[in-house]
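Each of the next two complexes has chain A plus one more chain, namely chain B in the first and chain C in the second.
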Partner chain A sequence: MMHDILVLGGGPAGMAAATLAAGRGARVALVDEQPAPGGQVYRAPAPGLDPPADADRREGDRLRAALAESGATVFPGHLVWDLGGGPLVAAGVPDAPFRIQALGDAPRTLTGRALILAGGTSERIIPFPGWTLPGVMGLAAATILLKAEAMLPGRAPLLAGAGPLLYAVAAKLIGAGVRPVAVVDLAGHGEWLAALPALAARPDLLARGAAWRAMLMMARVPVLAAHRLVAAEGTHGVTHALVQPLAGGAVRRFAVDCICVGHGLVPATEGSRAYRARHAFDAARGGWVAAADPSGRTSVAKLYVAGDGAGVRGAAAAPASGRIAALAALADLGLGEDAAALATATADQARAARTGAAMARMMALRPGLVAAIPPETIICRCEGVTRAAIDAAVEAGAREVNQLKHFTRCFMGPCQGRLCGEAAAELVASQVGGREAAGLPTGRVPLRPVPMAALLGDFAYADIPVPPPAPL
Partner chain B sequence: MLPLDATPVSGPQGQRVKRTGRAGFGAGARYAQAVADTLRIPGIQRAPLVGFSFAGQAVRAPLGENLAAALMAGGIRHLGEGPGGARAAVCLAGACQQCLVRIEGRIVQACRERVRDGLAVAPA
Partner chain C sequence: MFDVAVIGAGVMGCSTALHLARAGMKVALLDRGAICREASGVNAGTLTMQMTRAALIPYALRAHAMWIDMGAWCAGGSVAALACPGLSVAFTDAEAALLETRATARRAAGAPIELVDGARARQIEPGLSAAALMAGHCPIDGFAAAYLTGRAFRGALVEAGVDLRENCAVTGIDPGFRLRTAAGPLAAKRVVLAGGVWLEEMAAWLGVRLPIKVLVNQLVVTEKMPPVMGTVLGIASGLLSLKQYPNGSVLIGGGWQGLGDRMRGGLAVLPEAMLGNMRLAAHTIPALRDARILRAWTGLEAETADALPAMGPIPGVPDAWIIGSVHSGYTSGPVMGRVLAQAIAGETPVLPLFPIDRLLEAKAA
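And then the complex of A and B:
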C-alpha cells in the first residue's frame, strides 16, 4: 500500500507529525526502533516495569495516546536500514515515491509520497584516556537506564560533560538514593547565568533547573564548574576519575565505579545525507543539519526534517516542529492547507525553541576538548584508530572526512561514525580550516549493520540471473 | 543524609541474594561481586525474575528487562574485546555498537534485546 506520508522516528517530533497528518485523513506510517514510541526523553518504561510517573512520563503517555488514536499505522521495534526512491533513481528518471526497508518481527518495505525524517540525536562523547574501560558510558545512556529500566548506572557515579543532562541525571540519582561522587561541568557559572534570560521564557524548566541545583546542594554533591574529565583509570573496569580545572592546575582523583559523560547532542542526519539533501554546519544547533526552510522542507522534494534531528532545540520544541513539517507535507501533497494551524505551531515552536537554543549552545562542541586528546588515545573504537593515526592521515593528505575513512577506516566500523565521528571530524577540521572544509561523511545504506540474510532475502539458486557471457 | 551503600545486602525485591562467587567474563569479578543486584532501584514493581546466562555464567533478571541493563545489574559490564580495548555498552540507544553479543548464533546489540527465560548469551 502506498502511504501519503512516512515518518521515520517515534520521538516527540515524529509522534506529533504522524498524529496531525493521520488526524487529517492522510495515510501515515510511523517507523521507530524502540519497542514503544517515545524517543529518548519520553522513553516508555520496559514491559512489566511500573515506575512512578514524572512530568516526562506523563507528557510521553499523552503523545503516545494521541498517536494511537490518530489512525496512523505504527511500526515499533523496526530498524530502518535501507532508504530508496525519492531522488535515488537512475539519471533522467523522474523522482519515485520514497521506499524504505526495515527489519522488525519480519522484513518490511514501506512506500510513501512524502517522507518526514525525525531521527533525533545521538550523544557526543569526546574521547579521553581510559574511555574504553567498562563502566564509562554516556549521560544519555544513564537517563535511559534510570527512565526505562529504573536502574542506576553505578553506586558511585561521577557525571561529566556539558549541558542540562548533567543536572537531570544528578537529580534522578539523588532521588533514587545515590549521591553522585561529583558533577564535572565544562561550563563556568557565567555561562549558566548568561542562559538564564532564555530559561525564564519557560518558568517550568527554570523551576526544574533550580530544584535540581537545590537537590545537589542539599546532598552536598561537589559541582565543579569549568572543569574537565582528564582521564578514567582502572584495570578491568573504571575505578578512578581524574578531573582538572579548564584553566589548568591541580588534578583531583575521585574513586568511582562508573563515569557518565556527555558533551552535547548531535543531530542524526543519516537519512537526509543518504538522499543527498543539502546540509549546512551550525555549531549552535549541534553541528551538520539538513538545510531546510522554516517548515522543514529540505532541498529534496517532499523530504522533510523535524525535531532535534533538524537541529537541537530540545524535546519541548519537538512536537510543534513535527506538526509544522506535517502541515507542509500535507500542503505539498495537495491534501489541504491550514494557515491557522501553521501559525499556532510556529508560535509554539518559537517559544520552546528559545530555551532549547540556549541549552543547545551550552552543549555545542568545545574544540579545546578535542585539541587536548593525547596522541595515543583511541578515537575510533570499532577499528582501533588513535588520535595519532588520524593526525598522521591528515598530515599525509586526508583533508576531508571521507578521505580520512579511506586512510584509517575511521567511520567504517559497525558504529558508522556515530561514536567517533565528532572527534575525528574535529581533528580534521583543526588542520583544514573548519568543519565546513572537513565536510561530512557521505550517507550510505545500510544505515545500520544488518544481517546478510536481510540483504539477500529469499531466493532459490535457480532464480539467480546469469548474464550472458561476454563475446570473445 | 543520602546513604551511599556500596555493600550489597539485598536483591531487587529485598530478599537475600545468594552469591556464587564466580568470575564474570574476562575479568572484573570483584566488581561483579560488589554490584550484583544493587543497581535496580528498590520499591518499584518489576516483572518476575527469570534466569539467563552470559558466557555460561548464570544471571537472574526481571522478564523483559533490557538485556544490556540486565547484564550491568548482574555485574557484567565487560562484553568482549574490540580493537580499541574492552567492549562495554556506551549509549544504550542502538548507536554505538559496543554492546554486541551473540544469541542463537546471531550477532545482536544487547541494548535492543529483552531478557527471556533460558536465554543463552555469548560474547560476540
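And then the complex of A and C:
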C-alpha cells in the first residue's frame, strides 16, 4: 500500500505530525524503534511497569492517545535500517516514492509519497580518561533506565555535564530514593541566570526547574557550578570521579559507583544524509542539521525534518514542529492547505522554542572540553582510536572527517560514529578552521547494525539472481 | 613549470607520480577531492589472481608483491596487506565448467591456480559450505584495507617532493598543458590523466573521445565476529568476494551493482542487490548467518570497452599520457603506475603498456 506520508520516529514531533496528517484523512504510517511511541522524554514505561505518573508521563500518554485515535498506522518496535526511493534513483529518472525498510517481527517495507524525519537526537559525550569504564553512562541512558525500566543506574551516582538533563536526572534519582554524590555542571550560575528570561516564556518549565533545584538543596546534593569532570577511576568499574573547577585549581575526588555524563544533544541526521540532502552546521541547534525552510522542507523534494532532529529546541517545541511539517507535506501533496492551523502551530513552536533555544545554548558543545582531552584517551571506543592517533592522522593529511575515517577507522565501528563523532570532528575542526570545513560523514545504510539472518530469509542457491560474470 | 602534472590522486595517479618523482621529475599531483577517496579508497581490497583479467596476471603478480611489501618502496606506508590462499568456488556443474576454463586461461598467464575438489577446498578453508563441488586454489592471493591507501601513499609522495594538491579540481587543459584549476592555472611539460571513471571527460579536454563505462560496485561490511574464514573467497562467476580482516570484520562484495553515476558519485546501495550478495556470501560461508551488517556503500569502477587498461601515450597529443580504467585495477595499480612512469621517463618498462588507440572512437571519416 502506498502511503501519503511516512513518519520516521515516534517522539513528540513524529507523533504530532502523524496525528495531524492522519486526522485530516491522509494515509499515514509512523515507524519507531521502541515498543511504544513516546521518544525519549515521553518514553512509555516497559510493559508490566507502572511508575508514578509525572508531567512527562502524562504528556506522553496524551500524545499517544491522540495518535491512537488519529487513524495513523503505527509500527512500534521496528528498526528502520534502509532508506530508499525519493531522489535515490537512476540518472534522468523522476523521483520515486520514499521507501523505508524496517525489521520488526519480520522484515517490512513501507512506501510513501512524502517522508517526515523525526529522529530526535543522540547524546553528546566528550571523552575523558576512564569514560569507557563500566558504570559510566550517558545522562540520557540514565533517564531511560529510570523512566522505562524503573531501574537505578547506581547507588552513589555522580552527574556531570551540561544542560537541564543534569537536574532532571538528579531529581528523578532523588525521587527514587537515591542521593547523587554531586552534580557537576559546566555552566556557571551566571549562565543559568542569563537563561532565565527565556525560561519565563514557559512558567511550567521554569517552575519544574526550580522544583528540581529545590529537591537538590533539600537533599543536600553538592552542585558544583563551572566545574568539569576530569577523569573516572577504577579497575573493573568506576569507583571514583575526579572533578575540577573550570578555572583550574584543586581536584576533588568523589567515591562513586556510577557516573552519568552528558554534554548536550546532537540532532540525528542519518536519514537526511542518506538522501543526500543539504546540511548546515549550527552549533546553537546542536550541530549539523538538514538545511530546511521554516516548515521543515529539506533540499530534497517531499522530505521534511521535524522536532529536535531538525535542530535542538526541546520536547515542548517538538509537537508544533511536527504539525508544521505535516501541514507542509499535506500542502505539497495537494491534500489541502490550512493557513490558520499553520499560523497556530508556528506561534506555538516559536513560544516553546524560545525556551528550547536557551536550553540548547546551555547544551552547545564547549570547545575547551575537547581541547582538554589528554592524548592517550580513547576517542573511538569501537576501534580503540586515541586522541593522539586522531591528531596524528589530521597532521598526516586527514583534513576532513570522511578522510579521518579512512585514516583511523574512527566512525567505522558499531556505534557508526554516534559516540566518537562529535569529539573526532571537533579535533579535525580545530586544525582546519571549523566544523563546516571538517565536514559531515557521508550517510550510509544500514542506519543501525542489523542481524544478517533477519534479512536473508529462506532461499535456494539457484534462485539468487547472480548477474553475468566479469570478463575473463 | 612542472615536468609533469598528474590529474587524479587515486592509486594509479599516486603510483605514477611517486615513481616519476623518484626518477627525478618535478611532479604536481592534483585531485578535485582528497587523496584516494574514490575507487582507490572504497574498493574491496581484494588482491587476488582469480578475479583478475588473464592478460593482467603478470601485472597483478608483481603488484601483489608490491602491496605486501609496500613499506619498503613507499616510505613505510601500509595498506595492511596480507597474503593468504584464495579460492574460487563452484557450486554447480556449469560453474565448475566455467571455473576450469577461467583457471586454465589464468594459469597460462602465470597464476599458479590449481583445481581442487570440494573436500580439499574445505581443508584449505574449513568455513566453506559443504555444497562446494570444486574450487580454484591460488596460493598467491590476499587482501588489503583499501581505506588506508591514501594515507599509505601520502607520506611517500610528500617525501619524494611531489606537490600534492588536494581539493584542487582541474576543469580543463589549455594549449601548452596549462591546467585550469580552482586555484588558478598550473603549467607542466607533460600531463598524465589518471581520473578513473572521469577519464572520459578528461580525455575530451585534449580532444580525444574515449568511452569509459561506469560500474557502481556495492560493498557490505559486518561487525567484528569470531574467525569464520581464513582465505580470500570468490565464486566461479566472480560476483562474490569475501575476506575476514584481522579485526574480525568480514567484507562482502563481488561487483553487485548499486545506484550512482559520474555526476553524482556512488549514490545508494540497492537493497535487492545487497540481499543477493549477502545470500551468496552466506551460502558460501554458512557461519556468516550470525553476522551483523554494519555498513554498506558503493564505489565507482571504470571500465574501458574491452575491460583492459588504458595505459600509455595519448595518440596525437605529444607528452600527454593516460592511466586507469581497468577491471580490478586496484590489485595491479602500484605496478601499472611504475610501468607508466618508466615509459614517460624514457626507460624500458618492466611490463608492456596498454596503448589506447584500440579504444578511441573512430572520428567521422
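Assorted remarks:
By definition in this document, the second predicted complex is superposed on the first by the 460 of 472 C-alpha atoms of A that agree within 3 Å, B and C clash if a C-alpha of one lies under 4 Å from a C-alpha of the other, contacts with A are read in each partner's own complex, and residues count from 1 in each chain.
One rule holds in what follows: a residue touches a chain if its C-beta (ideal position, glycine included) is under 8 Å from a C-beta of that chain, and two chains touch if they have at least 3 such contacts.
Predicted model, so just to flag it, every value in this text is computed and none were measured.
In the superposition on chain A, A:R381 makes contact with chain B only, while chain C stays out of contact range.
Using the contact criterion defined above for the overlaid structures, shared-chain residue A:L265 touches neither chain B nor chain C, since it reaches no partner.
When the two complexes are overlaid on their common chain A, residue A:A241 makes contact with neither chain B nor chain C. In the superposed pair of complexes, A:A424 makes contact with neither chain B nor chain C.
Contacts of A:Q101 after superposition on the shared chain: chain C is touched, whereas chain B is not. Of the two partner chains placed around the shared chain by superposition, chain B is the only one that A:M137 touches, whereas chain C remains out of contact.
By the touch criterion defined above, A:M412 reaches chain C but does not reach chain B.
When both complexes are overlaid on chain A, the residue A:L186 reaches neither chain B nor chain C.
More residues of chain A are in touch with B than with the other of chain B and chain C. Once the two complexes are laid over each other on the shared chain, residue contacts for A:P449 go to chain B and to chain C alike.
The intersection of chain A residues touching chain B with those touching chain C, taken from the two complexes, comprises 383, 413-414, 449, 451.
Interface residues of chain A, counted against chain C in their complex, comprise 82, 84, 88-91, 101, 274, 276, 383, 393, 396-400, 402-403, 405-407, 409, 412-414, 416, 442, 444-446, 449-453, 455-456, 459, 461-462, 464-472. On chain B, the positions that touch chain A within their shared complex are 1-6, 26-28, 31, 34-35, 38-41, 44-48, 62-66, 69, 72-73, 77-79, 82-98, 100, 106, 112, 114.
Partner chain A is touched in their complex by these residues of chain C: 34-37, 41, 51, 53-54, 91-92, 98, 101-102, 105, 131, 147-148, 150-151, 154-155, 166, 222-223, 235-239, 247, 255-257, 259, 261, 263-264, 267-271, 275-276, 278-280, 282-283, 288-297, 306-307, 327-328. Per the touch definition, chain A reaches chain B in the complex via residues 33, 35, 40, 46-52, 79, 122-123, 125, 132-138, 140-141, 144-146, 148-156, 174, 176-179, 218-220, 235-237, 257, 378, 380-385, 413-415, 418-419, 448-449, 451.
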